[in-house]
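Both complexes below contain chain A, partnered by chain B and then by chain C.
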Partner chain A sequence: MRPAALAGTLLVAVTAPAWVWNPYHLHTLIMAGIFAVLALSLNLLLGYTGQLSLGHAAFFGIGAYAAALLSVKLEWSPWLGLLASVALPALAGYVIGRLALKLRGAYFVLLTISFAGCVSLVSVNWMDLTNGPLGIPGVPPVEIALPGLPPLALRSKSAYYYLVLAAVVLAYLVCLALIRSRIGRALIALRENETLAASVGIDATHYLVLAAVLSAAMAGFAGGLYAHYTRFVSPEVFLFTYTVTMVIMVVAGGKGTLAGPVVGAVLFTALPEALRELTSYQWQMLLYGVLLIAVLFFMPEGIVPALRAAWLPRGRRARPS
Partner chain B sequence: MDQLLQHLLNGLLLGATYSLLGIGLTLVFGLMNVVNFAHGEFYTLGAYAAFAVLTLASVNFFLAIPLAIAAGALVGAVCERGLLRPLRAQSIDTVMLVMIGLWIAMQNAELLGWGGVAKSVPTPFTTEPLVLGAVSVAPLRIFVFTVSGLLILGAHLLLARTKLGRAMRATFQDRETAALMGVSIERIHTITFAFGAGLAAGAGALLGPVFLLYPSMGDLASLKAFSVVILGGLGNFGGAALGGLVLGIAEELGAGYVSSGYRDAVGFLMIVAVLLLRPSGLFARAERVG
Partner chain C sequence: MTLEARDLTVHFGGVAALAGVTFQVAPGTVTSLIGPNGAGKTTAFNVITGFQRPTRGTVSHEGQAITGWRPHRIAARGLVRTFQKTSLFPGLTVRGNVLTGLHLRGRVGVAAALLARGRVRAEEQRLGAEADQVIDFVGLGARRHDAAAALSYGDQRLLELAIGLAARPRLLLLDEPASGMTASEKLAVATLIGRIKGAGITVFLVEHDMRLVMGISDRVLVLNYGRLIADGDPAVVQRDPEVIRAYLGAGAHAHA
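Coming up: the complex of A and B.
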């Protein structure tokens, strides 16, 4: 993204609570931020390694449960809980990455679906730990403790909005640094031609595991943020709908670009809310399905690359993301 | 011992429908190189089609099943012509995403059309179980097993004995050479997808009366179908037939001896285990994967 556009976006994002009065709209923005982190995380795998994970809701859910359980049952500080909501999914991502070893394409998809299915069944059936379908209520809010001041709990929506915004910026910067680095080039090389990449000494397993760990950690972080925001976690966090929404955000926004997932996340959180008065949830999901097909038919690269191609002069087009 | 026999019998009866589901999916993958994530939706479609003609048009129960298969095949053919044919040149991953889109769209269309409340299909069979020595079994289950077996046999004969089947096998082995020999690849693709969708719809029409109908029932069916296909090896007809029985029995044993809450985890764990240990399937010779 060009500096002017980036600055403009940031300005709009930072001042949002000042001019978004309706708390419901602010809530939508917070959810858009959480989904932006999720979409960025899925994009690391789908966009940069070319492997589709349909089990991403599992990492999100593990992160949410880690944050909720540690702060409710062990009364850990929410900050430590958030740390665990990054660490535990990262561990799960490591295991999945190691297991996936030689699996590509449809096989990788099936492995991730199966993993998510198992985790979801555990969340429903392990009553002692997760309280089963009833879920875990009473997750405490995140508190900011400054020396000399009483601890400030981020209960208000606008305060939480800034926490989520910071998370989005952090996730974006992590992805940016990663893609611009040697690792990013290795991932893209693997996506484009694994055999060729291997011939110049790129260790496919090593980089794919790394991508899986980072992606899972980010998804888990989004889960932790979600748990402390809604203050309630149930097996619904493992719903396949979450994974589907992430996939649509990444594919429609533009997989393999950094701005794409963020644009997709904002668009596909705002769009359903805008349509909510007109349509039911089922229509919305039906529309998602049709939209996914339509995007793949007519704009296979996604919105951001299409806009970029339309705006930039010809000579500057072929810039690798 | 009696309990074990009962579990084995239940597993076998259930497994036959899993085989039916898996065969349709494995044919579509083997022949068209399409990972059909919408497969379970054709299962749902078949179940609701049977329900519709039974309750709304009060058609005979035994006629409802072929009608459901026809409905599945018809919708399958339309999807192939409308969605898959234009994407023939695209990568397998793009097509996979399109099928995921179709899955979501079809499932929510069902939800809009029928509502989220589970429905049960009336059958002419008595619920009184048939006692055979140490084991007992519902007559409906025997009927479902028999029809599944006949459909699998029919599919096998179609592939092995007919001209169409030969054209399909030729396309499976080598698309270009088959086309050079005068096989219409486009036609074979449409027929194959319609065939796979029809088998899934048949499984739905058969299992619908055994369980309940609800719009997301296809998710589990897809999962079972994928487990079966992975057990048997992608594109392996005989493997899918056997894989269905293996999965059915493994599930019954898992539910019976471990925990019924984790019944559906058996399929997941089998996918993971087979992918890790024998990615080309339990019954296949070594082959490259992915």
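Coming up: the complex of A and C.
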């Protein structure tokens, strides 16, 4: 992104709680932020290595359950819980990545779907641990303890908004740092031409596992944030709808770009809410579908690449990054 | 010897693509592997670079057995190949392609990428300079920022060479680098191969164009039906009756 656009976006984002006075709108923004982290995470796999994970909700859900269980049952500090909500999904991502050693394309998709299915079944049926379909209520809010001050629990929406915003910025910076290094080039090489990548010494397994681990860790972090925000976790976090929403955000925003997933997340979190206020439920879903098709029809590469192409003079295409 | 293949055999079902082939590639030479279509040339390349497991036989590089190693490990040893069918990173620019080829020249890992941005910047600068050097070496300087997919066919083949060179090979295996090129483009490739050899890189070449092969090779190996039927000086191989028979069919020796 250009510096001016970046500064403008940040300014709008940082001041949002000041002018978004409707708490429901602020809630929508917080959810958009959580989805932005998720979309950035999916984009690492789908956008850069070119492998589609249709089980991404599993990493999100594992992160949410890790945070909820540790803080409720073991009364860990939410911060330690958040750490676990990064570490556990990362471990799951490692296993998936290793299993996917030789699986690409449709087979990788199937592996991730099955994985998510298994985890979801566990969350419903392992009553002793997860409380089954009833879920886990009473997840404590995140507390900020500064030395010399009483601990500050992030109960207010605007306080939590800033925590999520920080998470989005962090996830974005992690992706940016990876992509602008030889690691990012290796990931992109797997997408562009895996055979050629191997012949110049890029270890496909290593980088695919790496992408899966980082992607899962990021999705799990979003799950942990979600658990502490909604204060309640149930098997719903594993819903396939979450995965599909992430895919829509990445693809419509622009897969393989850094800004695309964020733009997609904000747009496709706000859109259903805007449509809800405009019209009845049936029309809402129909309009959502029509708008999505229109975006993909007129901007097949996604919104961000389309805008970039419109702004940059022809013949000077920016490097895909 | 830079490269030594012993008794290489590859069976695809009942067909023997390679049937006990033994040869060597001497350091500092341009060695060519020729033969009619289906003789097993590309299969030999695939085995050497780890893309195909041999049914029997061994490959060693500078005394180290590399049979059955995975391709990226073989590349890391300095054996780098190009492909018969044009093979690039189509979505990237020329420079992006070459930078990707420079992967092994970089050192930055995840931790450094995330935490030591100064090191990354320094590395990117160094790799960028190396990439530009390679791009200029193959003569694509003017196309540096163009998308690879937008290059002409001849330029795409040059870019493939650049990607291979970027991986800093000690032995470069070129699979028909001049196929489908015009006469002048072929001449440019021949000159380029000479310069690659001049830079101290051993070249192992599969090529159909006899004029190109005879002009630049120090040694020529001839495969036919998976067997090595000739091995030696280009001028001698060219006059070998069995080679002529393999290329032109039985009875052709009467006219040769």
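Brief remarks on what is shown
By our rule, the second predicted complex is superposed on the first by the 298 of 321 C-alpha atoms of A that agree within 3 Å, B and C clash if a C-alpha of one lies under 4 Å from a C-alpha of the other, contacts with A are read in each partner's own complex, and residues count from 1 in each chain.
The definition used in the following text is that a contact is a pair of C-beta atoms (placed from the backbone, for glycine too) under 8 Å apart; a residue touches a chain by one contact, two chains touch by 3 or more.
Just so you know, these numbers come straight off a predicted model, no measurement behind them.
With both structures placed on the common chain, the touch criterion links A:24 to neither chain B nor chain C.
Touch criterion met: A:240 reaches chain B, while chain C stays clear of it. In the superposition on chain A, contact is made by A:204 with chain C only, not with chain B.
Of the two partner chains placed by the overlay, only chain B lies in contact with A:103; chain C stays clear of it.
In the superposition on chain A, contact of A:282 is made with chain B only, not with chain C.
Contacts of A:181 after superposition on the shared chain: chain C is touched, whereas chain B is not. Judged by the number of chain A residues each one touches, B leads among chain B and chain C. Under the contact criterion defined above, no residue of chain A touches both chain B in one complex and chain C in the other.
In the complex of the two chains, the chain A residues touching chain C come out as 174, 177-178, 180-183, 185-186, 188-189, 191-193, 195-204, 210, 214, 316-317, 319-320. Contacts from chain B toward chain A in the complex involve residues 29, 35, 83, 86-87, 90, 92-94, 96-98, 100-109, 111-112, 219, 223, 226, 230, 234, 259, 261-262, 264-265, 267-269, 271-272, 275-276, 279, 289-290. The touching residues of chain A, when paired with chain B in their complex, are 50, 52, 54, 99, 102-111, 113-115, 117-118, 121, 124-125, 240, 244, 247, 251, 280, 282-283, 285-286, 288-293, 296-297, 300. Across the interface of their complex, chain A is touched by residues 49, 51, 70-73, 75-76, 80-83, 87-93, 96, 99-104, 106, 108-110, 112-114, 117, 120, 123-124, 127, 145, 147, 163-164, 166-167 of chain C.
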